[in-house]
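The following block contains the structure, expressed as structure tokens.
Lettered A, B, C and D in written order, each chain numbered from 1.
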Amino acid sequence: MRYFVGIDIGSTAIKISVADENKNLVGHKISASGSMFYKYAQEALGELLRELGIEEKEVVYTVATGYGRKLFKEADENVSEITANAIGAQQAAKSYGEIKTIINIGGQDSKAISLDAEGNVVNFAMNDRCAAGTGKFLDVVAMNLEIGVDELSDYHFKSVGTPLSISSTCAVFAESEIIGLLGNNHSVEDIVSGVHYSIAKRIVKLVKRIGVKENVYFDGGPALNDGLVSAIENELGHKIFVPEYPQITTSYGAAVLACDAFMCE
Amino acid sequence: MRIFTFKMQTAMILVLMSISLFADNLLWLDEIKKKSCCKGADQESGIKEFVIKKGTLQENKKEHDCKNAVIYIRDMDRVVTEHNVSGGKISFTPEYKGGYRLYFEQKSVHEGVLYVNLSSLRVYNKEGNISQSLLKEIRGKTNDSHYDHEPLSQLSFELVMEKPIKKHHINCCLYSGDIAPFRVYYKGDIQKEIPLRVSMESGWSNVVQPDQEGLVSFEIPRNSYAETEKDKKHSEKMIVEASYDVNESGVYDGGQYRSVHYVMTLPLSFAPSPLEYESRTLGFATAIGVMLVFSLGLYYNRRRKRKTPKEIYFDEE
Amino acid sequence: MHTEHTIETPHQRQNRHKAMEAISVINALKEDFKFPIQSMGYFYDLFETVYCRHEPLHEGKVKIGTMCIQIPSEIIYALDGVPIRLCNGFYTDDEIGSDLLPQKSCPLVKATVGWFASDNFSDKPDITFSPTTCDQKTKAGAIIESFGHTVIDVGFPRTKESEESHHYWRESVKSFAVKLSKFQGKKLTRSNLESAIKKIGYAQSLYHKLTEFRKNKAVPILGVDMFLVTNAFFFDKIDEWIGAVEKLVAELEQRASAGVNVAGKASPRIVYTGSPPIFPNYKIPLIIEQSDAVIVADETCSSNRMFNDMVAVDEWNLYDMIDSVSDKYLKACTCPIFTQNDDRIRRIIQLVRSYSGDGVIYQAFAGCQVYEMEQRSVLAAMEREGIPILYIESDYSPSQHGQLTTRVEAFVESLKNRKRMKK
Amino acid sequence: MTKNKFSLRRSVNNMNLVRFRFWFQIVAFVLIVYGGYIGLDLGNKLPTFACVFNGEGTGGKCYVGELQHDLKHPLEGFVGFAGYAFLISLGMFMVWFWALNKGWCGFVCPLGTMQDWLTMVREKSKIRYSEYSWANRGKIKSIKYILLILLLLLPVMIANSVFGLPKLPNGLSMPFCDICPGRMMIPAFTGHFNQFYIDFSSKTDLVMTTLGMIIVGLFLVGSFVKKRFFCYFCPMAALQYVFSKPALLKLYKDGAKCTRCGDCYRACDMDILEIADDVTSKNLVTEDCTLCLKCVAACPEEGCLEANFMGATIFESTKEGFILRMAMDQRGEKHAH
């Protein structure tokens, strides 16, 4: 058997996906990124292959993507995460249907990608300000509220009052704002939903910049946060598709690309 | 309110009875009117001149014999000054602007009777002395009534005209149709039974009897002589006269007398009633007519401007 | 893992956006300042009810929308209507309106148009009267009409010096009254207009009592709170508004005698002028008061200009009352739409003097041409009078916050320095 | 709010001017029209229409009548007593006038009071008032000066031949009195309707008395529909205005405090536009002003308008006073008139 590996080296995590000749996802792994991410990436890949029982020579083509892609020298090819994300999303959403727009919230950036009928990237936009509206921002919020990131969703749905929006776009200022709100005895639920809606609004603005189309696909770590998903759905005004493993869409896309590249050769 | 009744019949009888009571040789004061408007500035402008006239108004003779005559002048502040008369002419210089009253008194003994001839005349002075009348000018006193003055204490007998009942609007003059009331005083007391004789320039003459209170009043008759054809406002003179006999003996000016005969004249002038040349009906009619025309004009002007919805949707209630 | 969510309808989303805008301002008012006023609670609750929970206030009543202060609320109250002033301060609606109007339009007009475009009201006006004040409002009326609302123009003159304009405006008000009374099927009578005039007069007299406290050395109420109080008059039930303000006056009386000062000792006293801050667009007032200055007076149509001049009737008959009401909205108005507007400059100077203001902050909405154009003459006049003035242009977007704060803070500090130098 | 809650100043400023003026005018009316019956005599140089024709009822006499009388003299006479008396009269008139300034018109003049009563009747009968247009008002203003010049000139022309013109008939000796509605109306209050007449004795009299009747008709209807209808034409007002500057009672305005809201203009019976629009002058006693102080009462700005007597404020506009006078100090409908 021949296997294809996509490796996405992001700012917070390294995501690795393995696909077979039929482009099906065989396995994936997420491990923390860090200063020694090259080493971590190799280790993680080795571990994943071991788990899947795949020998290294069976891996015939490797494509790297993400911020750290150029540093992963073993890769046969490098692609931008935009392309990888677009291809991965379309592959992952085959059961769902056609994808027109992709929202990706990463650890430190957020993107919106619009696709044409053939699945080519037509336009894309990225956030122009720092960590605002990214996964990192959610981490900071959760830390300040002294709850876990995975609990955010529950708090969001428990909110009954008006969501308390955070006006600062900067994560650092937002922190002090949240502390202020807590100090005035506002409920954590309202703060959480306020944060979600603030992010959602910003994302939707991004999406609107490239022109919203139906069939929105949402991936990236924060897509695991159901509250945020709901917030974005509300802001957009229609449903969005969240894949089973939202974090690995990009790496899966890279794996699919690897397959295509090998087949063409 | 005093009600004046003019008892015509009694008067007519009394005229015949008492005509002999009145002396024919009346003495009365008359002002010499200067042709003021035309004369221009003269040095004598402040001087008022009077003459004593004798006889009836028609005779209009000057009396030059003014022996034992005294003139009292009472100004508007009731200050009385005494002047002697020399010659037929009386002249004095009033200091202030305003009304003065002149009293003339002449006594003479004749056949054991002391004849006291009295006359009084109101004088209005238009101009006064500049330095003297400063305060009076500032005060601008307006209510110095011509009538209704108390009798002069220097005179024992006096005929006083009270405020007339006026039928017209102008306060200053008498008009025909006004009712003029008089009283006769003797030594400060009202004499209730003395009739008055009224004689006019036109020749009309009458004797009027007093009522119970001693008020003698009569309506100034409408006159209708030729002068009014030319000048509707032409004024006429009349003299009101009262006489009184007292049994009193004494000596005056070397002559013995047993009784005193007082005669007082009050020369007045009156004009024909303005009602003869004025129309109040037309006056009211004009005013009301103008009011009607004006208000109708306004009404239609407003109605023209007013739009229909206003009437439906605005309500002053 | 993923559950199906019910998705908000566009109206719900709009409401949530507005609620979020509103709550953050209300919270700022409630929490960011020292010595909060108890009786302001009514107003905070009111705004939360209306703009966060979107509960209707006037169910069963006929609501009469007004596009500007020039539509006489006395006549509306007399005819049993509830005036709802449609000037809007929501960025949410501004964004909706942006799609319908030119980019450089006034955000207030955009917000109002956006509001109508979305047709999302808790108290929807049954009919709207639009005075022909500024160009943008005038045209906005027609746009709103195209959405299927009944909008009736009320002609408003652009000069107030001439007899013709007086006459024109009086006739306009009369025909407005006729149209409204037809709409309501009710007659305008002497007694109902008189009691409406007196009621509003009483409300205005309460406002005057409030402003009187701001002349004190220790200012017992914040400018933003005052803006909120006057803003509530746009849509609140008038009797309840009066009751709440009566309480507020009583509390301020206590505070004044106790010498409570919501500002700092050295806080400069600001006179605020320009485009109206309408809830929740309290961006500039909030920045000012958060920068340790205090707004002691204002010259805006959402507050002072709306309340300052009261109807003066000579003969309490219908004919004179209507004319008095019309005159109030024309003669005293200092709106920059008028060709000559020295009155506004004199008013600002007088406010600075009588409220012992240290400086003036002139805010114009980007796109509010008349205020932008009048800026030069006002600045020149203030310079002649030696009154420091800061001109700020802003819109409804929350983005310029930092830059604006810096400018305002710098101005406030310069005022503080001036004060110190004088001493 | 002011600290001293019960000060005199505050209660004066809060007074109901309409009521005060109503009673003041009644008292003044009684004194002027009936004062003579109780022996009141204020002289014949009053700067107000205390009518001579009112007979013994009058408590004083109008100076305009006296003035016409004084002027009917040969010109040479003015070198002597006539000129002197004329100056004294004028001086005395000024002394009277300076005490109250135009307040004579607004508070004392019986003819003005009568017009105010007619206005009250109209107001009660809910009939709308009329106004002159701004353009017409400007033209009307000059009429009173023309009347003043005529009443000064005609008596002189009776006694003198001016510029070689023939002397005028004596019927013109009181030209203004002939057409003054006060001559007819004021005696009517003491029961004398005898001034309503047309005089046929001469052509001059006929013309003048007919004119007088027409004017009294216009006066009665005019002042019913227009507040202070006659005061626009009053030569007394013109004469007064000539001497108005040094008067003691003044109407002052602080233009800086003025918002030009026009409330004062609305209240003004004489429709004086300057009161609202002039923000530079201090002394606001204009030619038409009757100093009725209604503007002060209608001004909502603290201390913007004030009645000032010799430098001392006696009545000034306050917000509180305005609110009280407009009955806006309480909530609810208790105040319905």
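Assume a contact is a pair of C-beta atoms (placed from the backbone, for glycine too) under 8 Å apart; a residue touches a chain by one contact, two chains touch by 3 or more.
What you see is a predicted model; the values in this text were computed from it and never measured.
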Chains touching both chain A and chain D: C
Farthest chain relative to chain C (centres taken as mean CA coordinates): B
Between B-D and A-C, the pair with more C-beta contacts: B-D
Distance between chain centroids, defined by C-alpha means - chain B, chain C (Å): 81
Gap in Å, rounded to a whole number, between the CA centres of chain B and chain A: 126
Rounded Å distance, chain A centre to chain C centre (Cα mean): 46
Centre-of-Cα separation between chain D and chain B, whole angstrom: 37
Touching two or more other chains - residues of chain D: 126, 128
In chain C, residues with contacts to at least two other chains: 190-191, 317-319
Shared-contact residues (touching 2 or more other chains) in chain B: 316
Chain C residues within the chain D interface of the complex: 161, 163, 190-191, 194-195, 198-199, 201-202, 204-205, 208-209, 212, 239, 242, 246, 308-320, 323-324, 327-328, 331-332, 334, 343, 346-347, 349-350, 353-354
Residues of chain C defined as touching chain A within the complex: 1-3, 5, 7-8, 10, 12-13, 16-17, 19-24, 27, 30-31, 48, 52, 398, 401
Residue ranges of chain D touching chain B (in the complex, touch as defined): 36, 41, 43-45, 52-53, 55-56, 58, 60-61, 66, 74, 76-77, 79-82, 84-85, 88-89, 91-92, 126, 128, 130, 159, 184, 187, 192-202, 209-210, 213-214, 216-218, 220-222, 224-225
Residue ranges of chain B in contact with chain D within the complex: 37, 40-41, 45-46, 97, 127-130, 134, 137-143, 145, 168-169, 171, 232-233, 274, 277-280, 282-284, 286-291, 294-295, 298, 302, 316
Residues of chain D touching chain C in the complex: 1, 123, 126, 128-129, 133-135, 255-263, 265-267, 276-277, 279, 294, 298, 300, 302, 319, 322-323, 326-333, 335-337
